[in-house]
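Next come two complexes, and both contain chain A; in the first it sits with chain B, in the second with chain C.
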Partner chain A sequence: MKKPNDLILKTVTKVISFIIILFSLHLFFAGHYEPGGGFIGGLMTAAALVLLLLAYDMKTVNTILPFNYKIMTALGLLIAVLTSAGALLFNVPFLTHAYDYFELPLLGETSLHTAVLFDIGVYLVVIGITMTIIQTIGESE
Partner chain B sequence: MSLLHLAIVLPFLSAVFIPFLFKGLRNIHTGWFVLLVPLALFIYFIQYMPLTRDGQTVTRTLEWIPSLGINFIAHVDGLGLLFAMLITGIGALVVLYSIYYLAKEKEALHNFYVYLLMFMGAMLGVVLSDNLIVLYMFWEFTSISSFLLIGYWYDRERSRYGAQKSMLITVFGGLSMLGGIVLLYIMGGTFSIQELIGMSSGFMTDPLFVPALLLILLGAFTKSAQFPFHIWLPDAMEAPTPVSAYLHSATMVKAGIYLVARMSPVFAESELWLWLVAGFGIFTLFWGSFNAVKQTDLKAILAFSTISQLGLIMSLLGLGAAALHFDQLDDNVYMIATIAAVFHLINHATFKGSLFMMAGIVDHETGTRDIRKLGGLVNLMPITFTIAIIGCFSMAGLPPFNGFLSKEMFLTGMISVFELDIFNLSTWGVLFPVLAWIASVFTFVYSIKLVFKTFLGKPQFEKLPKKPHEAPVGMLISPLILVALVIVFGFFPNLLSNSMIKPAVESILPSLVDAGQTVKVDIYFWHGFTPELFMTIGIILTGIVLYSTLAKWESIYNRIPHRFTLNGLYDGGLSRSETGGYRLTNGVMTGFMRTYLVYIFSFFTAILLSTLLITDGFSIDTSNLAEIRSYEVILGLVLVSAAVTILFAKSRLTSIISLGAVGYSVALFFVLFRAPDLALTQLVIETVSVALFLLCFYHLPEISRKEERMKFRLGNAVLSITVGLTMTLIAISSFSSRSFESISQYHIDNVYELAAGGNMVNVILVDFRGFDTLFEICVLGIASFGIYAMVRFRGVGRENE
Partner chain C sequence: MINLPLLPILIPLLTAVILMFFPKRIAAQRLISIVATIGTIIASAVLVATVKQNGIQTLNLGSWPAPYGIPLVSDMLSALLVLTTSIIVLFVVWYSIFYMGKEHESFFYYIGIQFLMVGINGAFTTGDIFNMFVFFEVFLIASYLLIVLGGKKAQLRESIKYVLINVISSALFVSAVAYLYAVVGTLNMADVSQRIAEINQPGIVTVIAILFLLVFGLKGAIFPLYFWLPSSYHAPPIPVLALFGALLTKVGVYAIMRTYTLFFYHETGYTHVILGVLALLTIIVGCIGAIAYRDVKMIIIYNIMIAVGVILYGVAVMTPDGLEGAVFYLLNDMVIKAALFMLIGIMMAIVGSSHLKDMGGLIKQYPWVGWTYFVAALSLAGIPPLSGFVGKLLIIRGGFTAGDFVGPLLILVSSLVVLYSAMKIFINGFWGTPKEYHGAKKHLAFRLWIPAAALMVLAVAYGVGAEAVRPFITQAVEPLVNPAIYIEAVLKE
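Right, the complex of A and B next:
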């Protein structure tokens, strides 16, 4: 079977996927103040990856993004658990978050919050599971 | 832990060593080691006799579960000691007999003696425990060890049947007894029998009194093989003969007798007790002796005879309760019933034990127990014949054996019913002496039949599997000792009266003794020309006539078809409950998910709707409702039409698309109701799930992809509408009856103060309620790994199959 010419799709994907990833990062980081957060951010990033999968094939995507998504899921869970357990070191209950304002060299005065670490865990888990499911089903006969 | 406790558990402790002795010392019959245990115990218990003779008791407490009032309280009084001596004494004789009866080369002796010792310890525990829960524990131990002993030859079908039957019946009774014990505890607040006896006068008016009485009696009747629970005993005859001699004549079947005697002070004031114990006893006596006549197997005759004799003792105990209604101990004629019960208990243990051993010898030396094949053994087995004739004549109640004395006293007790003017005994009570007399006639007939058919008559040795000869000496020792006791007790009954019978009677009727009076037990051989003597003469004459005409009237036994006998009823009931249970589960557990969903949903709606109706919980409060806007109406219509399309769509594809439409309109609802995070998530998730549905559709097999409307089923429609209606009603009611303010104000106030955030939903998710999120991402992780495993490893297991 002749391979269809999908130049437009591929070109558009190249542009769009970066925009989607940026949007997802925005959703993720804005999550604490605006609508968004780890869950929807992770889903959006996964959507960008799925778009890449649709435009290119699975092998190509794997070469440019050589992630093992199952490990990513585990890593996300680990980050979330460690963030939660970290509170125990400071003699406060499990999952107590801390935040403060710091003067960072490039960003100026910034609020840093351990809830973001927890959200990173959520974010990684969501990307991991979505990609695991889609890859698994896509590869199966 | 006192020495007394040690004595009770000694059989259990020594049972541990039996397998080692059996495996280690193969040359010596294991029974010799076992013999030491009951002998030592018997000697140990003898030393309590002087104590109980003076009316003293010994109580030793070992704390077990003190917080629940369950302590191992060993209590030795006249009754307990009498039983303990029976158990250990006959136990020793039975072990001695079994040494010669069971060959050490062929039999699994380690099993046998472990079970036997377990049983012995359990029986000692039953008769010497003052705590009802401990008593119950030992009671069930006797059931279990007797089950094991009956099924000793487990490769025989009949053994397994008998073991199962006895287990089912006795455990049924045991559990009822446990119920009775619990009720007694609720009434009295203690498990101790002695304390319960102390407060028994207040129980009569308690509403729990009658249920407790019935349940306890149920336990006693099943264990003691009273009508109609006697059916397990004849089938238990598949056990080895030493077991039958020990369990099913002398000890276990008397556990029920013991329980009735022991609980008499608690219950005996009641009319119900007297009628039930005496009534069931007398009928069992009649029924057992009536049925014993038709049996052709030696042990079956003895089994029915045991049933009937147990009924005799039971009826005497019942009538003995009448003594409580008369204060004077002197001239109290009803006392004689209790004395007779205790006396006959001892007598029965002696002669029935020897008879069982005799039957075992005959079986062992001729190879059969069928009296139709036996006959003329008297010249070959003179000693066995002597044993048999003494045992049987004592059982039939002939002078000069001890059975004669107790039977006379039994008749005296039964005649005394005429003098009773309580509890309507003067009307129906007439049946007691009549039934007693008839039963005694039958007892005479089967006793004579047992001896004459076995030992006299025409020899027919060619029918026997073995060439008959006299038993070895060792096998004869035990029955000889027992029949010697039969004669000794017959000639010198007062040997027992002060040492054993009086203390036992005093513990059965303690309230009469409290007043400083003592029971006078005086058993005479010759009591003058009394009505009971003429009754005995009548019994003997009628018995002889009946025996000589046995062939003429024997056919009446075959009149009753098997289906209507109690055994038929038991077998039928068992198989019917089995098929019924099978049919029920087959009917209910269809294996279709649809059926189970119907069950779940109907139960769900039934429970919720009935609660709503019963508690009158439905309410509508429209004061808090928000204004309805046109967007919501339009979106609601879209959602409903999409949902309805799912139901009536012809193709699955349409259903999937409509489901997507439902999902997206829900997302729009989220937008309308100002939930941007939810809307975002809902949109993406809906997209993913619709994509997955499409994937499933794509992979459907051709045959189920054909377009077809969902079949209409009225039941499903009604059920689903009911479920929807129920949930709607509940939602409306719960909205209308909101009883406190929401806690959301706290989150609104503190979202920046405490958590440094602006998006409240996200702050709740990762901070206020982060714990939930932690496990939700775990759920997602598990789901993805599950999908991975299912897809990657499918077919792996199939290759192995």
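Right, the complex of A and C next:
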């Protein structure tokens, strides 16, 4: 069978997937004050990756983004658990979080919260699980 | 160390996460699982000692005060159950190292076991009803992995049933929690109890109580919600079955025990009578199954149901004796079921079949397996010096004190049936003329026997040392008899 020429799809994907990833990062960082957070951010990033998978094939995407998604899931879990367990070092209950205001270059006064670290864990787990599911189903004959 | 109640949950969780980085390195998987499980046992033993000394331990996760955050509550009952769970997991992991093949071990098997332990220890420890649901899901999802791992035809068929049933019962659990939340407006178990007491358990709360009984009855396999259990438990390999049989149904039993003594104790005339009747029917169905089958796995699986019925009858009578017996028997049954499954696993490994007609004369070549099984069978039935005795005695006495005669007599008769069914395996499997056996794992029999026998030693010690265990059990029963103790420990001002 002749391979169809999907130039339009591929070109559009190149532009759109970046916009989706940026939007997902925005959703992720907005989570504390506005609707959003680790789960929806991770799902949106995974959606961008799925779009890449649709436009190109699995091999190409794996060459561009050589992630092992199972390790990514484990890493996300590890970050989430360790962030929560960090409280044990200070002898306060598990999951106790801390925050403070910092003067950052460019951003000015910003509040940094350890809950963001927990959310990074969630973010990575969601991407890892979604991509593992899609890759596993896609690869099995 | 204020985070002590958390450690039996955190250690396996961290272990599982670390193991996920190298699922194919089998030697490392085994070693780390064993070491971490020993660590969990130590942590839970320290927890038991602390609870014994200082009373109920609570931990408000995230430093949010009691009714608003999620508390972990370790009273003596949950601490003992957590300790028993960790011990059983250790022996099953030890057994799995020899029993399981490479194709299991390199596909997240030990990780699944650690997550199973996270969920079970969490469900025993949590003080929040929705958090309990979450921990139920944690161990259920781990159990889905363990039941289907291997991908044999029977496993695939049974795992579909198992997943389907548990998804439905989880959905019911969420609806039950939603109804409860709509009525009392809180999820913290101590707070729920207090508010139900304030509104004096109106009809709607009794309906919710029955809904909870349905949910936990599906998890714990009581009559008429047991139908999924025999075939589902027949499918997975023996170490997985030992974990399921010893732990999973008991979480449902614990949940019934907790909710029926903490939430719904005002209208016992209705809910607890239903619970009692269902418990007795469970015993009857279990007995019928245990007599009917000549498949060693099936016989022990139906014995799980008998034990669930006996324990729940002890809960239903709501006398201090009955509750104490229920706790005693619950702990005993977890250990003894794990040991029994491990022992029949050895028989199946030698014979290469689970049917009694293929067995016979095993005692000639494997006397150590035979006599260990004999002791296990006797303690299952509750012969006096062994571990099943005290629990059943107390449950029966509790039943008589409550003025019931049918229940205690039925339990006595069921003990005979249990003994008959267990001895049927002994007589047909170990006595008689020896046959030629061609089990694929025959050469492993001795190595498999060591963990099983070690677990049996613990069970025997538990029975013989009942006097030493008694103070712990008595303390475990206090908050069950008097919920105010539990409430005060959680909602202390």
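Definition applied: the second predicted complex is superposed on the first by the 140 of 141 C-alpha atoms of A that agree within 3 Å, B and C clash if a C-alpha of one lies under 4 Å from a C-alpha of the other, contacts with A are read in each partner's own complex, and residues count from 1 in each chain.
Simple rule for what comes next: a contact is a pair of C-beta atoms (placed from the backbone, for glycine too) under 8 Å apart; a residue touches a chain by one contact, two chains touch by 3 or more.
Everything quoted here is computed from the prediction, not taken from an experiment.
J.: Touch check for A:H113: first (chain B), second (chain C), both, or neither?
T.: Touch status of A:H113: first partner only.
J.: Under the stated touch criterion, which partner chain does A:L9 make contact with: chain B (first), chain C (second), both, or neither?
T.: A:L9 contacts neither chain B nor chain C.
J.: In the overlay, answer first, second, both or neither for which of chain B and chain C A:T130 touches.
T.: Only chain B is touched by A:T130; chain C is not.
J.: With both complexes overlaid on chain A, does A:G121 touch chain B (first), chain C (second), both or neither?
T.: A:G121 sits against chain B, while chain C stays out of touch.
J.: After superposition on the shared chain, which partner residues are touched by A:L51: those of chain B (first), chain C (second), both, or neither?
T.: After superposition on chain A, A:L51 lies in contact with neither partner.
J.: Touch test for A:L25: chain B only (first), chain C only (second), both, or neither?
T.: Touch status of A:L25: no partner.
J.: Regarding the shared-chain residue A:F39, is it in contact with chain B (first), chain C (second), both, or neither?
T.: first
J.: Between chain B and chain C, which one contacts more residues of chain A in the superposed model?
T.: Result: the larger residue contact count on chain A belongs to B.
J.: In the overlaid three-chain picture, which partner chain does A:L88 touch, first (chain B) or second (chain C), both, or neither?
T.: second
J.: For A:A74, decide between first (touching chain B), second (touching chain C), both and neither.
T.: both
J.: So which bits of chain A does chain B touch that chain C touches too?
T.: 70, 73-74, 77, 81, 94-95, 97
J.: State the interface residues of chain A toward chain B in the complex, per the touch definition above.
T.: 27, 30-40, 43-44, 47, 70, 73-74, 76-77, 80-81, 84, 94-95, 97, 99, 111, 113, 115, 118-119, 121-122, 125-126, 128-130, 132-133, 136-137, 140
J.: Under the stated contact criterion, what part of chain A meets chain C in this complex?
T.: 70-71, 73-74, 77-78, 81, 85, 87-88, 91-97
J.: In their complex, what parts of chain B are in touch with chain A?
T.: Listed in rising order, the residues of chain B that touch chain A are 676-677, 680-681, 684-685, 688, 692, 695, 755-759, 761-763, 765-767, 770-771, 773-774, 777-778, 780-781, 783-785, 787-788, 791-792.
J.: Quick check on the complex: what are the chain C residues that touch chain A?
T.: These residues of chain C touch chain A: 1-3, 6, 10, 13-14, 17-18, 20-21, 23, 59-63.
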